[in-house]
Every structure is written in structure tokens, then in C-alpha cells.
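Once you scroll down, you'll see the structures, which are given as C-alpha cells.
One chain, subunit A, links the two complexes that follow: it is found with subunit B in the first and with subunit C in the second.
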Partner chain A sequence: MSTNTFHMPLGPVHVALEEPVYFNITCEGESVKSVELTSGHVHRGMEQLALRRNLVKNVTLTERVCSLCSNSHSFTYSMVVENALGLVIPDRARYLRVVAEEVKRIASHLFNMAIQAHLTGFATFFMQIMETREIMQDVKETVYGNRMNLASNCIGGVKFDLSQDKLAYLLKQLDVFEPQVEEIREIFATNGTILNRTRGLGILPPEDATALGVAGPVARGSGLPMDCRKNSPYAAYGDLDFDMITETGCCAHSRTMVRLNEIFESIKMLRQAVAQMPDGPVHAPMPGIPVAEAFAHSEAPRGEVAYYIRTDGTETPARLKWRVPSYMNWKALSVMMRGAQIADIALVVNSIDPCVSCTER
Partner chain B sequence: MASYLKILLRNLIQGPSTDPFPAGPTFEPDSIRGKIRIDPELCMGCGICVHNCVSNALHLERREDGHTLTCWDNLCCRCATCVMFCPMKAITLLPDWHTAHYQDDKYARIEQKSVTYEPCSVCGKKMRPVPAALLKKLYAGKTDVDAERLTHVCPDCRQLEDSKRNIGQLPA
Partner chain C sequence: MQDVITGDAGIIDALSALCGGDDAVCHKADQYGNASHWFRLTGTDKVVPAATVLKKAGARLIMISSYDKSGGLTGFEPELCYHFEVPGVIYSFTVALDATNPAVPSITPLFANADWHERELRELLSIKVEGHPNPNRLFLDETLDAGKLRSAVPLSVAMNGANSTDLWETILGAKEKQA
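The block that comes next holds the complex of A and B.
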């Protein structure tokens, strides 16, 4: 070991988001040579907790895995139980599920953008993005009644129907929201402060992205066309017209642009979903519980979420297992951080939008 | 940078974005999920809400002469699963989100409603008086049934009365 090589502990708290991961970084001068990650600080044993609650209770439990992608968990969990039960959900519920999911995705992506502005040292822009995001928070509060955990999904569909008034409010707020996000996108695409800090930072070549099995905006930022909504449509995604956003820059800025452009795709999907939504019931009754195994996956804001369930004929599952995208994505940090400056570590970490509480559950 | 200056200027003209709460009003949509309310007129004491309550906030006590449904407000996570499952629509979430309270008050923050059972007017067994709304639904279109009187007739006696009334009228 040369004299200018040293180890630097970073974390476990407040690296980028206020979630705990511990990095043991080997530096040479100012640049990072290698990274070791230690995790497990927020393990709550949720898979075991799920085995002690009935199928209905687990909808609420899985929604509390994390806050930003909470709806994706209850959504995918409901889908996996429906697959095990052989339950087909009503058409209106398919669309209502998409509405909740896309509203959450927009809020999640904008939160990540805001944190990036904060880490770049652009504090006023952080506040501006959070203010724009507040429009979506108001939508959630008005339409669903909660600001984070929408508690919209249930096994067999969605808990409550959305009235025409609420859907009209959603569309009205989207009209206010869209031009503001357009401004934010323009600043991210052209502002010198942001471009200098993020362009070319945290490079993840497509070969490494494939080898590490990354998912979501991290994979799409490296040019890999991976999106469950497009590749294996579920709920009403197959009936909606939208584009899969990919960028070829492979850097933190590419991932930023993927997320920003996805917000516009989500807005497009929301408008289509409201326009195409058929009338009818919003949930189907649960049939008896068979002995079965099932799998379901969906595209959460951070990538593919997969659920596996095994039922034994009782109302509590025999096994419930889920896998979240941040698990693969943070393995990619070791590639992204190689050669980066110490001061840029937080930005690189933020560029994968890590969700530690999901991963450690 | 120029585009950002435009935003700054606009924000300066628009003034503060934050609400003056608690000195002034704040954003309060009607559908916000606040405190839980139990309607004792409708609650039949079936317990499906308790069975599906993930946070164990609901508790049902069944007695000879009635039942009591309790919701611990500090445990409730506002998932509204009970609201969805309640066959009588006896549980609602109010838009009252003012839940700040002193530590000493934490055990007093409960929603508790009791239903007293009354003797069946036929056999005298203690029974839960049937809500008029439910009877109206059950006997909709039946002109020969006095729904008002059935409020105080227990399920066993009602079944017997129904059988007597329908005897000989079964389809051939």
C-alpha cells in the first residue's frame, strides 16, 4: 500500500438520503479506488412478519416497507396473491391501480431530483422542485386522503372508487404541474452548475449494467431497454400508449434525464388512464385460498419489484419473498464510484436513487 | 442560469408558498383520512374489521347483553381496510386530522361505541336489535312483512316466522 492510499469510512447515516448504508472507501488522494458496502442497519424482519399476518393484513404491511415506492409494494403483493388465488380483477380497478402507481412514481422521481439539486449545492432549486412536487402531494391528499401511503390497493382490485370530481381534480392539477416540470427539466438539461457536477460522473457501461443485473432508471440510463410496464405489461399498461425512456450517457446525468423524461410519460399515462377508464366495480371478492405458488413483478420507481408467495390453504402465507431493485443497483455503486472524487460520492449514491429500507426490509 | 433567475423573480412576485398555519388556514381536503368513527346504530359486532386490522387498533368485546367496539386512535394507521370490509358501512374516517395531544391524554384517545342487546319479543333471548336500514334492505318489496316489528325479533324466530309464512308456497 502506498503512503497516499487510505481508508475512509462513510456513513452509515446521511450519505445522500437519510437512510443508512456504510461505505468503506479506499482512496488514493482525492479519488476513490474501491468501495465496500455494509448494510443491514434497518432490517425489520418484514418477510417473517408477513408470515404471521393474514393475506389481507399483509397488503398494509407491505405498503409500509418504504415510503416513496409504498404503492408499488402493495400493488405487486396484491397481484401475487391474485395470481395464487386465480382472481381476475375488474377492468376499472386495472386503470385505478395505474393511476395510483403513476402518481407515486412522479412524486418519487421528483424527490430524487430535489435531493440531487441539494447535493449539488443548489439549495434554492431543491426548494423549487419540492414546491412543484407539493402539487402531486396535494393530489394524493385530495384523491386518496394520505400523503405517502395511499392505501389504495386491496386483494381483488382497489379499496375505493375515485369519483369524477377527484379524477377531474387530478387532471386539473396535472395541467398546472406539467409546465413547472418542463422548467425543471430545462434547468437540469442546461444549467452549468448541474452539468459540471453530474455529466460523466458515476459511469456504468452497458456491459457492467448487464453483468450486475441493474434495473429501472439505472439500467435505462445505461441504454438497456428494461421496463416491466413495456416488456411484460400488467394492470392496464398494455392498453396505454407510452414510450420507454432510455439514455446512452451511462452517467449520473443520464439517469437524471431518464427520470425527468419518465415524469412526462407518467403524465401522459395518467391522462390516458382517466380518459379510457371504464365504469364498473372496483374490486372482486376473494375466493377460497388454495395451496399454490405464484410470482408477480412490476416496475417500481427504482426498477423491477418481484414478489413470490406460497400459500398452504390457510389465510396466512407459508412463504412470502420479495426482491427490490436497489439490491442490484447498489452493487453497481462499486463500478460507478471507481475513480470518482470523494466529494462526488453522495451524488453517485443519489444517482441510483437507493431505497435502503426496501432492500433491508 | 438565466432560466432559473426567471423562476426566482416569479417566486419573489408571488410571495410565500407556505401556508400561515396555525395562525391561518391551511390546505384541508375533505377526503383526508383522520379520526375513525364507529356508528353504533349500524355496527352488528361481526368482527371482520378486527380480523383484518393490521395495526391491532380495533378491539371487539362480546358480552351476553351487548358488544363494545373500540378503536385506539394512536394505533390506527388509516389504511381504511375496516372501512372497506364493514358490510354495514358502520366505520368511517373523518377528515379531522388534528391529532396532536399531550402524553397524558394518549389512553383517552379512543373511539368506543357500545351496543346493548334487548330481549327478543318472541322468545325473550337477548339479541342485537336489527337496524331498520338493514331490515328495509332485507325485506325490500315484501308487503306482507312488518319490518318495524322484526327489529326486535331474533334471527332464530325470524327464520321460523319466514318458514311458516312461506310454507306451501315453494315452487313445484
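The block that comes next holds the complex of A and C.
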């Protein structure tokens, strides 16, 4: 080992990490040579907890796996139970599910953008993004009554309908929101400081992205056309006109631009969903529980969330297993960080928009 | 529900050849017409051949689910279910493991992202993964017994680490060990 080589611990509690994870970084001078990751600090045994609750109670439990993509969990969990039960959800519920999901996606993506601005030392921009994000937080609070967990999904559809007033409020807020995000996108696309810090940083070549099975904006930022909303449409996504955003830069900046451009696709989807939403019931009654196994996956803000269930005819699941996008994206850090400067580690980590609570359950 | 279930006949035939028993192959579609194909392999020796078929077809590993079919704390009937996707179509295969010596060959050499899944199988259901390149704990500490998913821990024991002198004794013990 050269005298210039040393090990540097980062975390588990660190100012640049939102959640606890421990990196043992081998450096040569200022450059990262390799990264070893230790996690498990927020392992809560949630899969075991799910086996102690009935199918209905697990909607509430799964919504608490994570905060930023909480809706994606109750959504996909409801889908996997519906697949096991052979339950078809009403048309209006399909659209209402899309509305909740895309509102959450926008707020999640903007949070990641804000943290990136913070990590580049751009404090005023951080505040500007968070202030814009507040419009979507207001939407959540006004429409759903909660700023984080929307409690919208239930097995067979959604728990409550949204009145025309609330949908009109959502559209009105989108009109206020869109030009502000346009301004944010412009800054990310052209600001010298941001480009210098993020362009070419944390390279993940497409072949590594494929081999590691990464998902979401991390995959799409490396040019992989992977999006469950397009590849296996669910809820009302098959009825909506939107584009799958990909970038070919394979770097932190590409992942940023994927997220920013996706916000505009989400706005498009929200407007279409409100315009096309049919009238009718919002949930279907649960039939009896058979002995079955089922699988479901959906596109959460960070990528594909997958659920697997086995039922044994009783009201509690015999097995409930889920896997989140960060589960694979973490491993991609070992490729992305190679050769990066120590000062850029936090930016590279942030570029996968990691979620530790989700990963460890 | 859709009348026609999509899928690749080549993959389905190749995986079906590795299956055995009644209802070993099953084809489904969800409300939106998304197809999923389910296979039950004859044994763990078919895991790598099945994964190879999917690898050659350009599939992506989504998840490996472990499952104790007995459902109890005393019995143990481990099974694994591997889920793959070839864009838009899900292929899942299940294999039953030997209850006395639950072991399965690693597919990490074929699918790099199987790494964490296989390490998690070890700690949650104490399943031995043969040929795994990095057989260390994933989330749970080395001091905890493997097979945590099947163990029942009384609340008072679980809480000991958090609110009793046990925590401090553990920390002081570790310190003394270091010194």
C-alpha cells in the first residue's frame, strides 16, 4: 500500500447524509479508489411485522416504509393484493391513484434537487427549490389532508374521492408551479457552478447499469429505457400520453436532468388524468381471500418498487416481500465513486437519491 | 382480464423443461394485461440452468423472495421464488429447499444484483448460498443469530438493548475488548 493511500470512514451519521449508512472509503490522495458500504442501521424488521397484521392493516404499514415514496408502497402493495385476489379496481380509482402518485413524485424529485443545490453550496437556490416544492406540499395538505403520507390507497381502489373543487385547486396550483420549475430547470441546465460540480461526475456506463440492475432515474440517466409506467402500464398510465425521459450522459447531471424533465411529464399526466377522469365508484369490495401468490411492480420516484405476496386463505399474508429501487442503486455507488474526489462523495451519493429506510425495511 | 397472455415461447419452453409436478407451470395476466409466468422447478440443481436461460434472453433480476411454507416457528419448509423481467413480462420460478440443510447455488455470478438478495436470505432464513462471492451479513449484525424472520423475540428482550443497563454493559465490554 502506498503511503498516499488511506481509509476514510464516512457516516453512519454525517451532515451530508440524510439517513444513516457507513462508507469505508479507500483514498489515494484526494481520489476515491474503492468504497465498502455497511448498512442496517435502520433495519426495522418490517417484513416480519407485515406477517402479524391483516391485509387491510398492511396498507397503513407499507405506507410507512419510507416518507418520500410512501404512496408508491401502499399503491404497489394494494396492487399485489388485488392481483392475488383477482380484484379489478374501478376506472375512477385508476385515475385517482395516478394523481396521488404523480403529486408525490414531483415533491420527491424536487426534494432531491434541493439537496443537490445544498451540497453544491448554493444555499439560495436550495431555498428557492424548497419554496417551489412548498406549492406541492400545499396541494398534498389541501387535497389529502397530509403533507407526507396521503393515505389515499386501499385494497380495491382509493379510500376517498376527490371533489371537483379539489381537482380544480390542483390544476390551479400546477399553473403557478410550472413556470417556477421551468426557472429551476434553466438554472440546473446552464449554471456554471452546478455544471462544473455535476457534469461528468459519478459516471455509470450503461453496461454497468444493466449488470447491476439499477432502476429509475439512475438507469434512465445512463440511457436505459426502463420505466414501469411505460413498459408494463398499470392504473391509468396506459391511457395517458407522456414520454419516458432518458439521458445519455451517465453522470450526476444526467440523473438531475432526468428528474427535472420528469416533473414536466408528471404535470402533463396530472392535467390529463383530471380531464379524462370518469365518474363512478372509487373502490371495489374485497372478495374472499384465496390461497394464492402474486407479484406487482410500479414506478416509484426512485425507480421500480416490487412486491410479492403469498396468501394462505387467512386474513394475514403468509409472506410479504418487497424490494425498492435503492436496493440495487446503492451498489452502483462503487462504480460511480471510483476516481471521484473526496469533496464530491456527498454529491455522488445524492445523485442516486438514496433511501435507506426503504432499502433496509 | 386479457384473453391472450403475452410471453416469449422460447423462455417458457426452456423453463417448463426444468419443472416438475402438478401445476408446475402457470400463466397469468393482471387487470391491465401485464403477463406473468410462474414455474416450479424440480430442485435446487435447476436454479442455475433456469437463471442461465433468463440471462441469455436478456432478462433482469427483480427480486428473490424467501418463504417458509410451514408458517410456524417449529416447522421449516423453505422455498425461494426468483422474479425476472424481460421488458413488460414477468417470469418467476420457485424452488423448494431441503429443510434440514437449506442450501441453494448462488446466481450472483450471472446476475450481479443477486448479491444483496442472497445475503439477505442467509440472515433472514439461514439459507446457505453456495458459491456466493461475498457471504457476509447484509443488514443484521454478526452477533445476531441467522434466521431472524422465523424467530419470536419477547418484547422485554427486544427492549433490553434500548433501555436497560445491558446496552452500557455491551458498550463497556466492547471498549475493554479493544483496550
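Some notes on this structure:
Note that the second predicted complex is superposed on the first by the 357 of 361 C-alpha atoms of A that agree within 3 Å, B and C clash if a C-alpha of one lies under 4 Å from a C-alpha of the other, contacts with A are read in each partner's own complex, and residues count from 1 in each chain.
In the analysis below, a contact is a pair of C-beta atoms (placed from the backbone, for glycine too) under 8 Å apart; a residue touches a chain by one contact, two chains touch by 3 or more.
What you see is a predicted model, and the numbers here were worked out from it, not measured in a lab.
Bringing the complexes onto one copy of subunit A puts subunit B beside subunit C with no clash.
Looking at the shared chain after the overlay, A:Asp138 reaches subunit B, while subunit C stays out of its contact range.
By the touch criterion defined above, A:Gln128 reaches subunit B but does not reach subunit C.
In the superposition on chain A, A:Ala296 contacts subunit C only, with no contact to subunit B.
Of the two partner chains placed by superposition, only subunit C is touched by A:Ala211; subunit B is not. Look at A:Glu360: by the touch rule set out above, it reaches subunit C but stays clear of subunit B. Within the superposed three-chain model, A:Ser334 lies out of touch with both subunit B and subunit C [touch as defined at top]. Annotation: superposed on chain A, subunit B and subunit C show a minimal Cα-Cα gap of 17 Å.
Subunit A meets subunit B in the complex at residues 53-54, 56-61, 63-64, 124-125, 128, 131, 134, 138, 141-146, 149, 151, 154, 159-160, 166, 183, 186-187, 190-193, 283.
Within the complex formed with subunit A, the residues of subunit B that make contact are 1, 3-4, 7-8, 11, 17, 27, 29, 31-33, 51-55, 77-81, 83-85, 93.
For subunit C in complex with subunit A, the touching residues are 1, 28, 30-32, 34, 36, 38, 60-63, 65-68, 71, 81, 83, 85, 87-90, 92, 111-113, 115-117, 124, 137-141, 148-149. By the touch criterion stated above, subunit A contacts subunit C in their complex at residues 39-40, 43, 45, 47-48, 79, 82-83, 88-89, 210-213, 231-235, 238, 293, 295-297, 304, 306, 308, 310, 312, 318-319, 321-323, 327-328, 330-331, 360.
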